[in-house]
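Inspection log for the structure reproduced underneath, given as structure tokens.
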Amino acid sequence: MRKHLAPLAVLGVLFGLLPASLSAAGSGYLFRLADVTLIFCILALSMQLITGVAGLLTLGHAAFYGIGAYTAAILSTRVGLDAGLTIPASGLVAALFGVLIALPTMRLVSIYFAVATLGLGEMIYVTLLNWVSFTRGPLGIGDIPPLRPFGLDLSSPLGTYFLVAALAALALLVVHRLAHSYYGNALRALREDDQCADAMGLPVVRLKIEVFAIATFLAGLAGALWAHTTGYVNPADFRFAESILILAMVVVGGLGSIPGAIVGAALLILLPEALRAIGEVRILAVGLIMFLCILFLPKGLFGEVAALDLVRRQFGAAWGGSPAGRPLGWR
Amino acid sequence: MFDRFDIFFVQQLVNGLSVGLVYALVAIGFTLIFGVLNVVNFAHGEIYMIGAYAGLLAIVFLAPPWVALILLVLAAGVVSGVVLERVAFKPFRRFRDEASLKSKAMRESTLLSSLAVSIVVRESVEKILGADMQPIPRAYADAMQEPISLGELSVASGQIAILAAAILMFATLQWILTRTDIGLSIRAVAANPLGAQYVGVNVDRTVIATFAIGSGMGAVAGILIGLYQGTIFPAMGFAPGVKAFVAMVMGGLNSIPGAVVCAIVLGLSEAVATEFFGQGWADLVAYVFLVLTLVFFPTGLFGAGRERV
Amino acid sequence: MTTTRRSLLAAAALAPLAAPLAQSQPRRVLIGYQLPLTGEFSQYGERFRNSALMALDAFNRSGRLPVPVEIVFEDTRSDPREAVAVARKFVDNREIVAVLGDFSSSASIQAGRVYAEAGMPQLSQTASHPDFVKISPWQFRNITTQAYEGPRVAEWMRENGVRRVAVVAIQNDWGQSVVSNFAEAFRAGGGEVVATQFFNPGNREFRAILTEIARARPDAIYIGMFYEDGAAFLQQRRQLNIRVPVYATSSLYEPKLVELAGAGAEGVFLSTTFMATSPEPHVRAYVEEYRRRFGNEPNMFSAQAFDAVNILLEAIVRAWPEVTRARVRDELARTRDFPGVTGVTTFDPETREPAKTLARMRIENGQFVLLR
């Protein structure tokens, strides 16, 4: 029973407590905030999978989110498909792009890979902005129908919330199961040292491509949800700054930690809203908070502290008898 | 198609060259810092912006002669750079054991801390001095924006000034790196930080010196380019920062001559792309180059590059 | 009982019924204003707020309503996402009877969907995209669209003998509408658009674009940009020694343009609805008070906001004492011949588009001079 306590609590809050209090408050604004937070939770979780667990720092994640959003927008406004089809389609299209991008870049080592994803993310943004005949460029695509999957009308605030929450729970399940399994351990081995992992026989390139495909699929789902709940997509929502925002969520929450990603997402979406009262210094305050979090909690709020300490202790032992936990040599 | 290669095309090349030199000016300081510390300094663009604002304030309140102006801006850059280092980078060097050095979490922390600092600095300047473009007193602006005709081509005086500055900066940096003690320590730390510490190099002081030099140059780049383009505003550091970053990666992460050459190539390519495709798509050029270089030339076009980072 | 006494008794009996009606008069009237107070458009948001506060203070002092009117300002950075969040917030606040804003068309349109669904009148001082007022009967604007301005500038150019024109515009929703409306009208008049160049927002390097245009040898260049990009463009045009005359949209009517562009701004033609140098007394009063209170010159954007606030306040006065969202909307729709600082404004009863007059100006010797 203890084992099931945490997931039951999460489900209880997500499908019971939260919608009940939101309905009681009766505020469209709060419902919208909840939807946006959950969408970014999905994004943060997908990012956590790539960067936190598998250790691939990517700076272009918002592009896949954008591809998912535009796929949903185009399919629903021009082809007339409903949400039941556009959402999985967006995930698949985003994953397809993810694989296409992963293939040539997988052999790149950390920072080169990050820079390549930065470049590719910007390329996708510039294409969305300038290919006016297909994407309507800066005018964006509007009038995207709300969520009516397979004819079931979920366009009310409560209905929308439940669908978004359901997909967020799904994402959480997938990422959690992947991370806490032998597969997850393999990914962590990649993160810590991929040369070692390769030497141990792990199929490094295949693992990287797989995890990238899964994460971009989730990002595509988030994009489709965004398109349907907002009703409008515009290239400016999917730039480098968004990728940085998602990365910040993961780092503040702690690399490798799933509750960390959720807390990070909630923090970075809700904090600017809560700080609306102080108005103009809002963004400044967010930057400051990010900085303080990073400075005093370099492993994030829930980082895999135990793992890092473990690693350091191992090395300490190998170097011969320094007391556990004390850094070697330099002060 | 060959009717394209007329005098206008030559003008485009001249435009591209000057744009490339602008990127090169910023790339020099950026590459120096990256080469030594192996961390991306996301706040370099903000140092560039601080240099421009410092120069502007000096012009408005003191109206100094050119040499004094440059020295003042240089000083401002040095101070900002050292403060930046102390605030955003030093706290993360407290873990020096091998596991932490290799840990991605640490490296990403410094990347994000410099990013957070850049946000804080930019927003503060915006609050204090306003988000709009600051006008520059005519005397200084005109000096940098005079059109000079070379036959049918037109060049601005500022472009010549930037060319001169780029050459001077590059030469100075080479001299510092090869002929001074501090330069030697910088090269040592860049090559192998642990090894340098073993042989007695004071890594902390060297890092401060690197930031001082790199940021000083960045700040001077800021005022020169700000005056030449006639636009000084808080977000001005972002675009040149990104392009300088691309130039640095193309050139091989720790090669300064490489970064300069690639910056120029980048500028020329953007001008030619605007010619054929329009400015919107020309923005892609930098990124296409970036990705192609990374995929086909993983260690950069010129650098010895680092194999394991 | 005499007739008089019976009437008095009846009146006394009915008096308590009047009390609730009297109490249903609000203690204050709230207006929401969504605008960019931070971010890249914050300077425009600041001007809006300045003008709004000026208009509000003058109104409250005048005592035309027995209760004060207050404005709730919320920052959206003119970002569509934040605009939607703020819109929902305003809608949730039952005290707010009408909303002003947003700055950009995309933010206004997104917020507009929320307002259309919830039934809240929205008046934007700058959303010029043609689709904005088509969302629902709740949307209004007091700025002329490019559908209005474009053809008039095309005609002006034709009058000046321009046959071939090159167009440069910013790649965003407004820039797109500038180009499409102008180009259509210019071609319809028999002219030729020899080059169309869009540039990404944030780009200030125009030399390549200028050289490309120069090759096409146009008779004139039409630019659709905000004044900061415009200043950089004009400077660089001078550096490249390109002498082709430039026509600009009303967004370039900004005293700072001359400061920033220096000699490059000489000879630029532009159209505008607001002229700070107009001799009309209410415009003079506005300009002088703005200058005195905020230390800089008002431009078209500040003037638009000033008029928008006043138009809304007038509608509220007409709706008094039954100040509900529906009533304010109806009164807004009845705005006729409103004497604003950006000219006389009337909302078309069918389309709710404003009709105004456009003046022609030219920059001569560093000053904006009215032509004709």
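The first chain written gets the first letter, and so on, giving A, B and C; residue counts start at 1 in each chain.
Basically, a residue touches a chain if its C-beta (ideal position, glycine included) is under 8 Å from a C-beta of that chain, and two chains touch if they have at least 3 such contacts.
Keep in mind it's a predicted model, so treat the numbers as computed, not measured.
When each chain is reduced to the average of its Cα atoms, C sits farthest from chain B. Chain pair with the highest count of contacting C-beta pairs: A-B. Chain A and chain C have centres, each the mean of its CA atoms, that are 38 Å apart. Separating the CA-averaged centres of chain A and chain B is a span of 31 Å. Along chain B, residues 123, 278, 280, 283 each make contact with two or more other chains. Each of residues 38-39, 171, 198, 200 in chain C touches at least two other chains. The set of chain A residues that touch two or more partner chains comprises 126, 129-130, 280, 283. Remark: chain A residues 27-29, 32-33, 36, 126, 129-130, 132, 137-140, 142, 230-232, 234, 236-237, 273, 276, 279-280, 282-283 touch chain C in the complex.
Across the interface of their complex, chain B is touched by residues 51, 55, 57, 104-105, 107-112, 115-116, 118-120, 122-123, 126-127, 129-130, 191-193, 195, 244, 247-248, 251, 255, 280-281, 283-284, 286-288, 290-291, 294-295, 298-300, 303, 308, 311-312, 314-316, 327-330 of chain A. Taken in their complex, chain B has these residues touching chain A: 40, 88, 91-92, 94-100, 102-109, 112-113, 115-117, 119-120, 123-124, 127, 197, 245-246, 249, 278, 280-281, 283-284, 286-288, 290-291, 294-295, 298, 307-309.
Interface residues of chain C, counted against chain A in their complex, comprise 37-39, 73-75, 79-81, 84-85, 88-89, 91-92, 106, 109-110, 113-114, 118, 129, 131, 171-173, 175-176, 198, 200-201.
Contact residues of chain C toward chain B in the complex are 38-40, 42-43, 171, 197-200, 202-205, 207-209, 211-212, 214-215, 228, 231-232, 235, 238-241, 256, 259-263.
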